[in-house]
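Given below, in the form of structure tokens, are the structures.
In the two assemblies presented below, chain A is common to both, partnered first by chain B and then by chain C.
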Partner chain A sequence: MTPPHETAVITPAMVAALCAIVGTDGVIAGDDELLVYECDAYTLEKHLPGVVVLPRSTEEVAAVVKLCAEHHLPIIPRGAGTSLSGTVLAVTGGVMIALTRMNRVLEVDYRNRRALVEAGCVNAWVTNAVKSQGLFYAPDPSSQSACTIGGNVGTNSGGPHTLKYGVTTNHVLGYEMVLPDGEVVWLGTTPDGGEDVDGYDLRGAAIGSEGMFGVVTRVLVRLIRAPQAFKTLLGVFETVDDASQAVSDIIGAGIVPGALEMMDQLITQAVEAAYHFGFPLDAGAVLIIELDGLAASLDKQAAQVVEICRKNRARDVRIAKDDQERAELWKCRKRAFGAIGRLSPNFITQDGVVPRSKLPEMMRFIQRCSEEYGLRIPNVFHAGDGNLHPLILYDERDPDQVRRALAVSDDI
Partner chain B sequence: MKPDPPTNTAAPARFLDYDKSLACIHCGLCLSSCPTYLETGNENDSPRGRIYLMRAVQDGRLALGQTAVRHVDLCLGCRACEAVCPSGVQYGELLESTRDHIERHHERSPWQQFLRRWLIEKVFPYPERMDLALMPARWVKQFGMERLLPTFARDALSLIPDETTSAPLPAMVKAGGESRGRVGFVSGCVMSVMFAETNASTMRLIHRAGFDVVTPPGQGCCGALFAHGGNLEEARAAARRNIAVFEQAQVDTIVINAAGCGSMLKEYGHLLRDDPAWAERARRFSSKVRDLTEWLAAVGEPIVRGTNCSAKVTYHDACHLAHAQPIEKAPRTLVRAVAGETFVELPESNVCCGSAGSYNLTEPEMAARLQQRKTDNILKTGAKTVVTTNPGCLLQMRAGLKKSGAHDVEVVHIADYLDREARRANDD
Partner chain C sequence: MNLRPANKDEVAGLLAAAHVKRARIGRLDLGAMCRVLEHAPEDMTVTVEAGITLAALQQQLAPRRQWLPIDPPLADRLSISDLISGNISGPRRFGFGTVRDHLLGVQVALADGRLVRSGGKVVKNVAGFDVMKLFIGGEGSLGIIVEATFKLLPLPETEHFVARRCDSVAEARRIIDDVLDSPLTPSVLDLHNVGCEPGDFQVVAGFSGAYEDVDWQLAQASGLGFIESTTLDYERVFWNQPAATVQRHSVLPSRVTEVIGELGGMEFVARAGNGIVYHRGSTSTPAASSIGALARRLKETFDPNGVLPSITGA
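What follows is the complex of A and B.
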């Protein structure tokens, strides 16, 4: 193994050998072309990989990995590179294996409600492929229009609808993986097997492992029947405290919304500037509450939610009037991170979970940090499960801001 | 040790609006919307990658060499990335200024020089020259001599419609009955040569809606071919001419039926923002420009449902309409009003067909790959009519379907489609 932080050397012979496996147009070896692979969506740290390969099949991946094992070269799997934590960094150089050419939905098994997809398949494409049949793939990270299923497995991604439907690990039945020595294995349920796994269930091995245990090449995902109906509400609050209390009360009342999201004032303003949805600019916080299920039961639940919001001093509670308004509301929420570009050139985010009851306290703490370090920290998060993403804004051109951003990030 | 990224180049004079380039926060949400990235899977061929390259060139981290130019050249300028970018990155502007920089500082092969400086800039924008240049092509087609040509020429030729009708448009058509207003019409350079019939349909649609139509004779190319090729000075000259001509015509609205030209006309305000004598006039001009579909939907052109259309109809989003302007709803509303239940959505309808202005001449290989992708998607829908709004897309998709032997699928401009169905309905 290469000792950490000593950069692996990629020889011309190695490049030639890689070309022999994936073809010359599948190998990126010049520094001028490697530059864009020096980071993912986390831009604070940068390292050039030694070489990037773009395989088209499991066989090619296996051959590449085997070659790397023989030459003790580190491998770094990469999907769309939307990770926010620098997990796709080639810290020691090495061979980056990008799965962007393996992006097909291979088979849909409607009877058993599952789909076999290549690891580079974009998350949203899975739902696109099956929605005409009333099905969908539940994990919906906000980056779902670009991130890959392989990357979702690597980071065990969740999204707004995690509250009700769970994270990636609850929806991956099995997968094909190339182990670090080049061996190809299938873990978990096979595409033609039953739900139950014979022998040990090793599915957990790669899920959330950030590509440490091998390269995932194909994934068998579970499909869910789309709810019959949705009701999406927008609650407008004067303070984050009130909104947080409403969240606790909703869950406390035994209602399980499909999603329950909070945006604070700063982020609401950025999103409004980007999408002109009609968010109030002076509200302390807004909640997006989505109820799904049988049409008949939704009206009653919605009335209950409105009541709870009002009790917590909501200034206004709106209900999306049709599918289009609902889609627009979600578009705003899903692209909220991106709208940050309007506030600041760079940001880092943390991904933390606190008990719901501690939400108001945590939010006050973040506010104090923001004042102390003189950096703006907007918040947009999955309030339903207490999953926070404070966004620390800074400008990479100012070294002092970079230092403060890292420090405050540590504090949080 | 691997060397750090190359820093051996001095940073060039500022060509990029740096703050605008910093608006890109590297989130990657644009990746899957980019046609070239979908095809190659190479991040250098993605919007995020290209912006990174532009910035690296500007910072002097990267020399303006073959590689950077290659990846910028391969960009279609379709601006699908801009439409999905949550951070509001104005990719089109970054691209234009980078291309301008490349054309000033990068030596191109003689063939590319010929294409870019001569054919695309000196022939296409001028209807008379275009007409002349098309003559040999028409003969070749008429006598069925395509087989004798090399592949690239055959591909180029396949884009030329079998019949090109070029009849001059009347300068003024009065509305029958009481006029609802006075509309200026931009006849377009390629449109007026290759698609005179489409222009006639457009005039009839405007006329039927109850407006007077003026087509000022002095107008010229919108300048898009110059701007996309990285020749901003020529583009500005074209803009000034058109602004002056339409000021004379005294119209409230300026309607255009070619999405590519339309998006250019809407950008005159930006193009001339630094020219004190023209900035305000340009802004006023741009604010009057409407794509035909957007205008028709707004004035409420009453179109009756066509009678004998049981075959499926689909709609392709021209990049310059859906991404640059961005107009997606209006044309669908118009087509749906006619096609009703027979309307089907086209998968990847907003992924570029590979035409992208003069792209199929400068980047034939990628253009062909995207053409095939589009053809496959069209065939998947089972539609027999594909409606779109831009001449380039029309030619590209027709040629693609022909190559695949799908002779029973028609591709029609939305003006021709609406006009035809309205006339059919009136006949019944």
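What follows is the complex of A and C.
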């Protein structure tokens, strides 16, 4: 075994052996090309893998893993590299297995509402493949137009609609995994099997394990019926406190929105500058509140939400007038991280959850941290879940800013 | 011999002693550990001692118009520990899911007497290994659940059940497919023959939620022939019989009627939307598991001295 943090050596013979498995066009070993794979969207730490392989089938993955096991080389699976937590850092070098060429939707079973996809299949492609039949794949990370289902399994991804629909583990019925010795197993429900599986929920135990138990190669996902109707509201608040209280009150009133998102002033300004939706630039915070389900009760629910917002001194509550405006609003929200470039060359984000009732307190704490460390910290997050994403802005060219960014990140 | 520990430390103590003696522990009665430890209505979470029955928990949540949306049979006799360990579900699983969709965290007494936590108390928690999942349906073979935290839902404003009678599995199939192809979002989609004339079946659909939504769905459902108002009494009748143990099949939902055709008139209740068939009578052979070796290694790691029971079907 390679001792921790000692970089594994990839010999030319090893590269040749890998080429024999996945073909020469499936192996990346040149230093300049490897740079692409030195980190994910957490850019503060970087490690070059020794070599990257791009297999096209489970058999190729299994052969690569078996070869690595025989030579005691560390492996690390990688999807699209969009994670924000260093999930796919090749800390000890070794062989990175990028699943991006295994990107097909293999089968859709409409009657049983499930789809079998390859691990490198892009999240949004699943919904695109089935939406004509009124179905969708619920977990919707903001990176869904790029991130892969295999990566979602690795990180147990959620998204804005997690509030109502749950995270990846609630929507993955089963998957094929190549174990560290090269053995191929299927965990959970098989494509032609029932949803209750006897024995331990190994599928559940390995979701979110960041590839540490094996390489996921094919995934059986649950599809659900697309909501009949949506009502998407934009609540404009003078202060983060008022917006946070409105979040608590909405949940407390027994309303379960599909999504309930908050953007504070700094991020709203950046998003507006980038995408020109028409967000107010002087508001303390905005809430995006999406109600979904059967059309019959949505008006009543929307009226309730408007009333709660007004009670919490909302300056304005707007309702998206059509599907296009709704899509625009979500595009802005999901691309919010992309707008950060307008504020700062670099950012790191924390991803933590607090009880919803503690949101106001936590937001005040983050504000104090921002002042104390002299770094701007905009917030765009899943307020309905109490799931915060404080974005700590810094410039990596300034070592003192890097030090402060890490310190404040720790505090938060 | 049944042991009745007063609290989780006693559970841990009993396990530690058995671990040292390499003795199988007797069945524990957790009935004395029946408190709701923390209910945060504004956060819609609850933490309980695992000996509380599901019915007692629901009773304590109801005044705040909340519930744990899991509805297994015999909830007044079912402890939360057994609910989780058995991964037990009921008819509303079609609309609300199963234990793993609502459980946020557990505290478990391991076989050697250590008390450990997995998961958390917030509504979303994807950090670290999701070890908690191993205890759901783990039949108490890896540890004994002593505390659990769930996320809750608001109680539906109203709930209504309707039935449509049919006299062949083929017709049942068509009716179920009609519901699945419609815009309806039933919380229950069952097929059963409890109390039916021989050869007859009933398809049952349940609607839970806001008055407006339920009314609209009832109107739609009547267009599909669901004109008879009904209840879930067939559940109670089916599970309350003292007769032979209930067998369970889990199949592709589209294969439910095929399985029922093979039962030859035996009494059954099926979750048609989920592909689960329960019946009494002849035994079914459990499906062979390809991951038996992994399961055995887990068991040996968690319980090297064989203090806890083994799990079936692994």
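Basically, the second predicted complex is superposed on the first by the 412 of 412 C-alpha atoms of A that agree within 3 Å, B and C clash if a C-alpha of one lies under 4 Å from a C-alpha of the other, contacts with A are read in each partner's own complex, and residues count from 1 in each chain.
Operating definition for what follows: a residue touches a chain if its C-beta (ideal position, glycine included) is under 8 Å from a C-beta of that chain, and two chains touch if they have at least 3 such contacts.
These figures come from a predicted structure and were not determined experimentally.
Chemist: Classify the contacts of A:180 with the two partner chains as first (chain B alone), second (chain C alone), both, or neither.
Modeler: Once the two structures are laid over each other on A, A:180 reaches no partner at all.
Chemist: Could you tell me if A:82 is touching chain B, chain C, both of them or neither one (first, second, both, neither)?
Modeler: The answer is first: A:82 touches chain B but not chain C.
Chemist: Which holds for A:254: it touches chain B only (first), chain C only (second), both, or neither?
Modeler: second
Chemist: Using the superposition on chain A described above, determine whether A:274 touches chain B (first), chain C (second), both, or neither.
Modeler: After superposition on chain A, A:274 lies in contact with chain B alone.
Chemist: Overlap of the chain B and chain C footprints on chain A, residue-wise?
Modeler: Common interface on chain A, chain B vs chain C: nothing in common.
Chemist: Mind listing the chain A positions that touch chain C in their complex?
Modeler: 109, 111-113, 155-158, 162, 166-167, 169-170, 185-187, 192-205, 207-209, 225, 228, 248, 251-252, 254-256, 293-297, 300-301, 353-357, 382, 385-387
Chemist: Within their complex, state which residues of chain C touch chain A.
Modeler: My answer: residues 40-45, 65-66, 87, 97, 100-101, 120-126, 128-131, 133-134, 136-138, 142, 153-155, 177, 180, 183, 185, 209-213, 215-217, 248-254, 274-276, 286-287, 289-292, 294-295, 298, 311-314.
Chemist: Which stretch or stretches of chain B touch chain A in the complex?
Modeler: For chain B paired with chain A, touching residues are 1-6, 22-33, 37, 40-44, 46, 48-49, 52-53, 56, 61-63, 65, 67-68, 71, 84-89.
Chemist: Give every residue of chain A touching chain B within the complex, in rising order.
Modeler: 7, 9-10, 25, 28, 30-33, 35-41, 43, 48, 50, 54, 80-82, 93, 98, 100-101, 103, 120, 122, 124-125, 143, 145-147, 274, 335-342, 345-347
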